[in-house]
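Note that chain A is present in both complexes that follow, paired respectively with chain B and with chain C.
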Partner chain A sequence: MQQMTAQPVIRGVRFFLAHTPGLVRYGSKPSRDIDREPAVVDTLQAHLRGYADAVAYPPNQAFLGAIHPDTLGSLPTPWFRHTGCGERWAPHGEIMSEEEFYGWLKIADAFNLVSLEAGFAASIRPALAAHPLCTPADLEQLGTGVSQAELDARLAGDVPDLPIFLRDGSRIGCFHAAHEVDATLAADVLLENLACKTTAVLAMRTLLAQEHIDPLAIPYVLNSGEEAVGDRYQRGGGNLAKAVAEMSGCQAATGVDIKGFCCGPLHALAVAGGLVSARVFPHVVVVGGCALSKLGMKYRGHVQHDQPILEDVLAAVAILVSGDDGASPRLRLDSLGRHTVAAGPSQKAIFQQLVSEPLQRLGLGFGDIDKYATELHNPEVTEPAGSGNVPLLNYRVIAGLAAMRKEITPAQVPDFVAAHGMPGFSPTQGHIASAVPFLGHAVDGLRCGDLQRVLLLAKGSLFLGRMTQMADGVSLLLERNG
Partner chain B sequence: MQLQGKKIIALGERDGIQGSAIAQCTASAGAEVVLEVTHCFV
Partner chain C sequence: MAEQYPREDMVVVLGTPTAESSRLYALTVTEGDPSWAGALAGTPLGLPVYHVTEDAIKCQVSPEVYEEQVTLMEMVLDVADIADAVQAVRDSSAPAV
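Right after this comes the complex of A and B.
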């Protein structure tokens, strides 16, 4: 039996964005407000931006690798005024229009939950056929659609379907419930779950295709998304990982879901690294699909400030963890930082466990980390709603700890934040926004740029589930190979 | 501020000061915490 452990590396990372303004009404906050006041739909619609503007939006371009996050700091604000120029395809992934995304939603649908109107299905077929990840089998799954009369009948049924709209309010399909009374199989819940699956699949297919990995070489997939896939007897039972593997052509794979709110992806990365290190598997893919419920979460603040509703994209990530190839960034499992039960809830305690203690263990100073990737939420989304600049808050705590260790003076805190942090640029898509949005830039910079070390750290709001008052947190170090 | 004998509602946030931290501090100063909650705003 081979005894030596393997050094895990991050071999590749890809992201996926879908611009889905027509789904903003089904975000948790907008849908609850619409239930109380139907006119909210009109307010939403008046503040939804077009696809070209979403493509050109600098934070989205940073998310997809077309520009570095640090570039955002030198761009005039508000960033949403940068309209009209931008590419759909970027080094780390693509941003897809809502029309095409609805087609992919149908393609990913294994239970005939989605019905698209026939004219709409025909209209999107050429674009889907031209997509580099779309196969003939996918196009067959798209089907030919149904009539408007059939949509009318379904929407008038005893268990009403959910109508699917475009940004302009036109109805192009509907989403079916899978059970008459089971709330876990209601149309809105299944829409969230299927959107999560679809976005994760598109991120994973992009990763495998662009990294030239045979899908059959992938033995194991870890899904770190937050959607509770299951039915009334096992709410949240999972397993979305296997559904994503199936649709990504990974016939030799199985997998499992790892959940931990926003720090789920880092927990999954640690587990993936452990499995590779122990030579259980040569490759593990960590995926995280979108959080549809977060669409329009802060729309009130955006409307109040008469700005576009910026929470109009679904985001996903796929990360390939493999054995050492001599070039890709090393995942230092001996750096693992854990916010333990005993640590207590203060920010200082959390960051001591996630930053100070691992650095001390490795004999590193705070300044030895080139970039800290933490909560990377776009402040242009959060500040109009009064939620502050979340990345900046976190970077100030890290810099404060460096000052406490006498590595910098208090006066140097702003410079430390500017040098070792970055502006927030991630969509507020739950688990996606924590640390992982920088992974593409980290891999580029560690492989062939000027980065030596990047610390990933993420926090999870466990208390939201009402089972504990505690939060959680995990950190991991990436370092240059060779 | 004199907190002895005061009733406290501790509203915290994940990326700022958590409710339980506010509750522990104010309780140690003699206040009675009647509600403690932490929210995540992202």
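Right after this comes the complex of A and C.
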């Protein structure tokens, strides 16, 4: 008789970064400030860093798996002074230049929303053709571009288009609105959505190619990104998952979006694990594309401290959840921690439900978890804006709970934080920054390193949508196989 | 709210996680938003401001409620630095006009 349930595992994880300084002006905060005070563009441009510096930036290298996050703790700060050499391609993914990314934006464009200037399109074609994930069909989709005169005409039209710039301010294309009056199909909204799709596709294509998975073997995709894809009658109706599946060659797949602010990816992982466990599907891919609106979110703090604007990258993740292969880390569905409606909003209540309660249920102590992967926002981004060191605070709270349970003494809190936490290294890309940035390192460490258990936990600020005063949270345990 | 109610009846209680963020928010409700980014830029409300972990507030909260809502965070935050930062803003802020 066939075993009723399968053990889900995390078979592979890949990330994607696009360095897009030219798009920082279209982040929500910068664009609002520019509307009010156009000279802000000049301030932004004076603080944008070049591609080589973004590649070499240690937190980006940690995000892509070239260095372990713990390494960051021993590097001199500020990290943005590390402008030496860095590799575009790393074990967990790549960081792409803005020129190539604009080409991929056009390739992913199914509705002729993007127009690239002909000379620019020709200039990026060789680099795209050399990219290992680019197919002849992709190059055909890139097209030959349009003239500057046509760009001028489109930008002068009745329905406002968005000009697309490089970091140096040169205009290389424009992005069209898809409707005269529908705000959900305005150029800025569609740019965010298409960037989310494009980055998710590049993460997913990388995952499938490097894990040697036939795209036709993927039956289901869950998108956990926060972008609201839809029109005025169904704002946020979705479904970006299927769009990502289509462009990733997953002809036998469908999918759906799962949203939950910053804990969307962990909710999606839990659902993916459930579908695999119930043998509904042998594989489910969880993707999360970028959050373009977060570009330059804290630029004022960076400018004030005369440092580069570090929120200049778009980030995406793709995670393959499959049945047990005997080697990949197990997704322990029986560990699922949930911040319930009744729990209350205090930090203590949230962390008790996401950490203390699941550990107690599994008969584990706080010290049995080798690493806690929580909100991993890069402190170099948040501290200059007065938002503090988010991961450090979370780790202190977890250690504080361990102290309240008498598993450690209060004096041992710093050592616990150092051993079971890690420096923050993630771009502040909404749902991407919580727990999942460590997944690549977790899979490596659980498969062939010295890790036994990793607890993933994420919290979501549901109250931002004004439908409830509540937050949300979810946690999941990953465990070494065999 | 500051326009709607008598300011002498109001106290701002912060739950901010660091000394710097406490200083910024304390300045915002006393001298005006120091980043000049929000609605209170250039608006000196002159309100009294305290952090929830300061004794002046703590002693007025039910111990059970404080234990449930604040104690854990009090254990992990640099409450002395936070208290110093908010006190410095109180000391330097001009009285409400």
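Keep this in mind: the second predicted complex is superposed on the first by the 479 of 482 C-alpha atoms of A that agree within 3 Å, B and C clash if a C-alpha of one lies under 4 Å from a C-alpha of the other, contacts with A are read in each partner's own complex, and residues count from 1 in each chain.
In this text, contacts are C-beta pairs under 8 Å (C-beta built on N, C-alpha and C of every residue); 3 or more make two chains touch, one makes a residue touch a chain.
Quick caveat, the model's predicted, so the values are computed rather than measured.
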Contacts of A:Ala471 with chain B and chain C, given as first, second, both or neither: first
First, second, both or neither for A:Arg300, with chain B first and chain C second: second
First, second, both or neither for A:Ser346, with chain B first and chain C second: both
Contacts of A:Ala433 with chain B and chain C, given as first, second, both or neither: first
Touched partner set for A:Ser461, first chain B, second chain C, both or neither: first
Contacts of A:Val413 with chain B and chain C, given as first, second, both or neither: second
Which of chain B and chain C A:Thr43 touches, first, second, both or neither: neither
Which of chain B and chain C A:Ser387 touches, first, second, both or neither: both
Partner chain(s) touched by A:Ala403 [first = chain B, second = chain C, both, neither]: second
Intersection of the chain A residues that touch chain B with those that touch chain C: 344, 346-347, 387-388, 393
Chain C partner contacts - residues on chain A that touch it in the complex: 33, 300-301, 304, 344, 346-349, 351, 383, 386-389, 393, 396-397, 399-401, 403-404, 410, 413
Complex contacts: residues of chain A adjacent to chain B: 344-347, 375, 377, 382, 385, 387-388, 390, 393-394, 428, 433, 459, 461, 463-464, 469, 471
Contact footprint of chain A on chain B as seen in their complex: 14-21, 36, 38, 40-42
Residues of chain C defined as touching chain A within the complex: 17-18, 20-21, 24, 35, 37, 68-73, 75-77
